[in-house]
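A, B, C and D label the chains in the order they appear, each numbered from 1.
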């Protein structure tokens, strides 16, 4: 997934990038980095870890001189976790300084790889992002724009990228607009970031999304837009379901509002008669649960407390303390649950492992009945555009029927939001979203 | 404030202490430590930092051998932050191993200190806790119990203490029961901890509170209780308001339930006519806000998102980015707030600084009116029993009238819960709580 | 062993203490610390590790405010390596700030311990040093001097101590003067340190040794001396043999000069006829080997190179790489050794393990004959005054005859310096040195 | 400068590489790294810092699986100290794993760089080493050998390189043999390292130097040699003067023996009549000083003690403590120096800054006269092959006459070894050494 940010023409570029990455931390906790340009040189810092940890030392920000910056939060995927893959990637190209950040996944790399290697290219990372740079370096054309355009036209898949070439900046998004990327203004400069929450934090004004198939060139303080490909919007609907922050606006609509609608439509599609209370699995499904309660007789309550102190380095205790992982994260409010007919709202189910343990935990608090309502349709198919789902065999909804899932979780009922309900909630004609993880209807055939 | 735990007679004593401290992390983030006894020696680890960080290295837990353990979370007060003061304190006494953890504040130390020093005592820390040990060592009597009893009878103030003397354990609580301390059973052993949430995490069964003025001696696997002082319960009511975890039971009642009642009574005492929505300042006032909404026409909503990634080491940006501290923690959900008459529920106001910034932040989202409701009475007086309030001059309610506070915060109205409302919510005769921070009625005259 | 330093009345007290500890690093590498006093408070930093590592962060020195400082280098003994035992020890005594550093070992502690514990004393460390403080606190008398004097009179053994009591400083040395302790002047202030090399580094002028049984009180910028015990000098002769730095003056004589004389007398006592070359085991026996060569036909050479990069954390490779430990430290210069009749000079032999491996290493370079000459007599007896020798069973000279040692090391000859030769070299009447480790003639009967 | 090592076909490849780097630590302290290949993947660890520090964690060596390894010690130059430049460089090339280590400096890069960039190459580091890889990837030919040969033929300058291509290893040295590179045998495998001291440590048998212009290919356990260029030996004579370890054999001759001859010839060329003692600036000039003393009336002594504890992180004290840097490293043995006519032998003078401070320090010990003798000719010209001399303006011998240098250092006399004396000492026809830094006679014209 990842989060990206670009700061163009601001004297506190590094600090703004740092704060933006902090706001986008939920998009990637594996590692992060910032590169700046001061008119002459690139300066960069990147490492594994959270933003406040990587930049815990004030001198690191001070080192990042210049009015131009790129930043990146790296998502922890199952693949290569090498430090090498932490972005921004930084290069010397002829006498120029070149750097790049990228959010997304490319899908037609095999053929490109062979061609590049036959021309003598060596790959230093295992990340998609490096392809842009080699395609750029091998592309025809004299100017930065010409070469960048030629490079970008060769790749397919999901890409929201920002490149910095000396003091020029280039921003581009794939023709489907799969991952979000928005633009804002701060003082005399511009900010580009995955979500608007970064702009809120630094006090920038949100202008608009980068359009699918649009490329922006920033040079000499001004901004030029061109459409490098015909837009065929296919936004990732899972960004609304789970990934983005509720206080962000993505694809032109508030995430919070979308989730509230998921909850409301879910309550109407699959009500739970005579339920006493409804509560969420905090924090990602809070808004969906509130939406559900607003179209239900059941009272909204807080039935689960989440512990936020848990760190990466937590030592997991010995095997005879079962289900510890879920207990470290959640505890029940027993007085709220006891003897009640309860509805638990969650945003989505992937493997179902955590939810199964959570149900077991909740049962100890003595509810009369447990009904699960999920604020999105069953996840049945893999994603080729950057969402790190497990293999189909591990997706519970790919392997089991609704009845079997209910059995497996040992609950009184379970219902998902329908695909139509999901699309109704997001306010735009159906065709504009990629729903492949729910429906198997992929944007294009993958090699 | 601090959190304490004792594990008596369990082969995973160190791991259980570790998990308990993790559950009690909210009671102290300055530092933490564990000491164990294995029949022969004491083993301990303690340092500044959060529990998962101090014990990030698995070898530290492995080092803590034995079936007996004490643990402590240290609260960050304005005083001495030296590493020396991190508990448990560990001593060699004659041929025995002695250690102690303590939650609370003693109030009659001046005289005791002089007496001890005149007898040749040297103090190594600046914490109250060391007094117990010196009083113990100077006390008459032959047995551990006799000497411990003699020592404890000399101190006044708030103390929930656990001592370990070789394989014996001693648990005691002051006659007012100011700080919580509860007892549970796990397998063949016992656990003592500040709150029940620690027991929930490790799967122990909650038995009861330690009574005010009660001392327990654990020896040879069994437990003996004696009443060393006449109980005059004066539980700290602020534990319900803010300090304890909502999923804990303290002083015999669920914290969550108490907070919900604070909200309900507050809604009845000080309703906001025609309010559209009510939301909390997350996370400590979530339950209070839900209670409020249940006795109000206003709909419960999530109007503020809290960012949980913020760490100690966060680099605060330059001065021209004002109000950054509050923005790093909170962001508004603008769609929820815009054009609405809103009620913001918070648990308490101390200085008012954060709330003022928060109101400013919320205003940017364009509400029609802002009404503040506080789930506790005005905090006007200092606490001598361990709550780290600032000086009276810094307590906004000590310096300003309600009208002035409203003016200061620039809101349409502000109301607090009444003292009577607070006491009504906690289900027991009025006299059983210390309400000195609200009323100035202290338990005893402080020297 | 340990190294100690006190800085009295200098505005860069912490920096001078830091530099002095750096110069005294050879006296202890286990840990180090500094405490300062600024007229009001004590400030201290101490930790495991070398001086440049413990004080790697400049802010630590900045934190140590004031014109008065004590410092300590801790020697790694086989005993308790707890962080607690790292000095200076720092205490609050009544309304005063008290701290202490100590080099030596006390020998009559059992009885004192019982008396103190019966009076209610609790020991927090397992180091001798804490006894001074408790004796001080329990001593009669009103003034700091009276109490300190009373305390010091109760202990026996080796002690070079410096105490800081608010802005007063007290320096004392046992009546035998077992460990070195010298005094110097820098600007308007004084420095006290184990060896003179610390004074050389900071540019202080060496004044004299503290006399055996002398106590100095520094107050209001001036210095008062009193003799608290009858001096019976018994300086540790092993300080000359191995422990002190060659560029220091201790017990009033240059270490380097003493070692050169050891070598010269050794060459005269036990010459090696027709030897081609003589070389040292670097670096501690370099001077002794030079001395030897100056009274021998054999040419001085460098036959062994020492690698100085080895750190504490060196990972020792698998078992099938034998003798690696000695090879990591030393390599031979084969061209110097091949076909030669060589004399290897070492300062002393304790277990003989390293020397045995070294001989094996040297043999690979193809010498014609190997003769070992040791710049001190056979170490046969344990030290009760702070030299960390192993048990008698592990001392090779206690277990084997000279012939057996020769056999064991597989060399052509081995000879030690005689006790008389040793004493002749150090220029003063025989009775002034403790030679117990060589002769078994202890200063006093040990309990 | 740097140190390199390759281990071919040994089951403890990583450990052997680690120990070899430790032995070669003197060739580079900026950073180090190891890469291994286990038949399928590359594994690598590299970081800033000394070998024992970078590999302080045992798990890092365990991670480096396989029977093939490359290692590198990076020298701290004035240029780019980025972590990126730490070797080995590791790449994916098509489906193969490729890595490289290099010691030396290339001199014809400008033209190559332009050609490569015009073909679309992006440089990720600023080190020479990356050129080999891009030339390799762009070279014609099908096999690894063909392509590697084509790449190597394009570069000029000093290079001792080892490449690993899956389980194949390639070793090559420039036609002048500027930097040392030797070959040894250990069990069934081979070791290649900059100096023989690495072989001594791990117990490998030294076989021979790699010849100038020779390339070795190791494949399927055996070794093939080819001469890719006509050998014109021009070994760096400064390796003997200063850089290599005295216990190594380089260019076929013992470093120690060379240095001893420098000292002897120097003593004959520029004797000091009636000198009392001669001592070295430890440790690099120890052997030269011994050689000097063997052709002189003056006695060899140790006049300076070197402190080995100094670390990188040493906090330098405030400005009013002058000359501290040299005092932290050295102290004088005053008894040796006082009232003597002394000769100080140093290996070389670059800027003269340290020597000036050292002379000042020595003067405080009260010598009668100070005579400096330098075991190499005046360094007057820059090195283009990897020796990090400062600019000509900073080379004291380039700016001042001998008389002026004597004046500047404030000594009684100073003499250098003659160029002819230097060449006489190293036993081979003159033409075989590069003496450019002394004479300005460069091997080839530099662009």
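Here is the rule we go by: contacts are C-beta pairs under 8 Å (C-beta built on N, C-alpha and C of every residue); 3 or more make two chains touch, one makes a residue touch a chain.
The shown structure was predicted, so the numbers you read here are calculated from the model rather than taken from an experiment.
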Quiz prompt | Any chain in contact with chain A as well as chain D | solution = none
Quiz item: What's the overlap between the neighbours of chain B and those of chain C?
Solution: none
Quiz item: Measuring centre to centre with C-alpha atoms, which chain is farthest from chain B?
Solution: D
Quiz item: In whole angstrom, what separates the CA-based centres of chain A and chain C?
Solution: 61
Practice problem: Give, as an integer number of Å, the spacing between the C-alpha centres of chain D and chain C. | Solution: 37
Exercise. Give me the residues of chain C that touch two or more other chains.
Key: none
Practice problem: Under the touch definition given earlier, write down the residues of chain B that touch chain C in their complex. | Solution: 90-94, 98, 117, 119-124, 126, 133-134, 137-139
Quiz prompt | Of chain C, residues touching chain D in the complex | solution = 12, 15, 18-19, 22-23, 25-26, 50-53, 55-56, 58, 61, 197, 200-203, 245-247, 254, 256-257, 286-287, 290, 293-294, 299-302, 305, 307-311, 313-315, 317-318, 321, 324, 327-328, 331-336
